[in-house]
């Protein structure tokens, strides 16, 4: 068994896909997170809305509230 | 009587269907979960939107917040 | 006076109707629940969307968050 | 001053109207409640959607989350 | 400075307007409230939907969750 | 660094704009607030819906839940 | 690893983009925040709705609840 936070921790410094409600997606390098909110820090993050690239962010604090899934 | 978390635990390493709000569904092998949030880790997970396969993920952390049901 | 959790407990092993937000309904045998979330385990459960049968599940963990009512 | 829970308690065994989000209403005899969630047990309850009677339930556990008001 | 709960308390036995999400409004005499939920008891309450009077209630328990504002 | 509650406190007795979800806005003199909910008391408050003035309230208790921002 | 609150703290006195639900965005100098709500104080903040500038605020208290991301 692999607990969610253990997998999240193992994904540090790797590129992850973060899917939010409303068809919004971020793709970036996981640079940090907090517990228990699962707020994330992403580096070099692309912002996609309905699969269309909208913006690029050097760093991003994403609130955990709106996250549907994180794909390492 | 079988409590929800006991059934969830017994479903580890088996394929489960996870239904989310908004017609989104994941089908994958349950690799982990946490308490009390019921965040899940799925392996080899198919992502379906309104019954159409959209993506495949080797691993997935699904937040418990958006889950409607888990079908072992 | 009959408290909600006492009635829920008395409904174990009986067929119940579970109504969710969005016109979704489950009909199955109540096999378990937890406190205070009111997550449920249903057996032999039919899934209905706007009164049309969509699927059958041998077992189902339904999160309490989305439940409107439980009818024993 | 009459506190909400005191009025709720005084309404036990009387017919109440329970209004939910989304135009859903239950009319039944209040048989129980819990604190602090305000989950309710109703007996002989009519279910109305936009003022049209949809169903009758011998007993009903209504989650407090979705309640807008209770009219004793 | 007048704290919200102090003003609410000072409004007991006076007529108040209670605005809810979705264009629903109650106008009645404030008969009670609880802390910290801000559930209210209203007496002789008119229910208005988009400014049209829909119903009259002798007593009403209004859940605090859905309240936008209370105007004493 | 100026913490949100410190700025809120410094705004007492001044006119503030309070923006809510759904295009609703209140403009009034901040007369009080509570912690941690950030419920507010406004005096001489204009209520605007999509920038159109709808009503005037001598006093108003605004629940913090629905607030997007407060502009001192 | 860089935790979200550490990055937020390091962003004090710098210009940040704050994205909210519903296509609303604020661009301003981060002047403060609180924990754990992540309410923010912004200075010289532009308010954009679907990328169109709607208003300018000298100071702004933004509730953390509605924030999707903060881009330092």
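Chains here go by letter, A, B, C, D, E, F and G, matching the order in which they are written, and residues are numbered from 1 within each.
As a working rule, a contact is a pair of C-beta atoms (placed from the backbone, for glycine too) under 8 Å apart; a residue touches a chain by one contact, two chains touch by 3 or more.
Because the structure is a prediction, the values reported are computed rather than measured.
Q: Name, by label, each chain that touches both members of the pair subunit F and subunit G.
A: Output, common partners of subunit F and subunit G: nil, no chain qualifies.
Q: Need the CA-centroid distance for the pair subunit E / subunit F, whole Å please.
A: 18
Q: Could you give the separation in Å between the centres of subunit C and subunit E, each centre being the mean of its C-alpha atoms?
A: 33
Q: Touching at least two other chains at once: which residues of subunit G meet that condition?
A: As it turns out, subunit G has residues touching two or more other chains at 65.
Q: When the cyclic arrangement of chains is written out from subunit C toward subunit D, what order is obtained?
A: Order around the closed ring, subunit C first, subunit D second: C, D, E, F, G, A, B.
Q: Using the touch definition up top, name the residues of subunit F that touch subunit E in the complex.
A: Interface residues on the subunit F side: 12, 20, 22, 24, 26, 31-34, 37, 39-41, 57-63, 65-66.
Q: For subunit E, which residues count as touching subunit F in their complex?
A: 1-8, 17, 21, 36, 38, 64-65, 67-72
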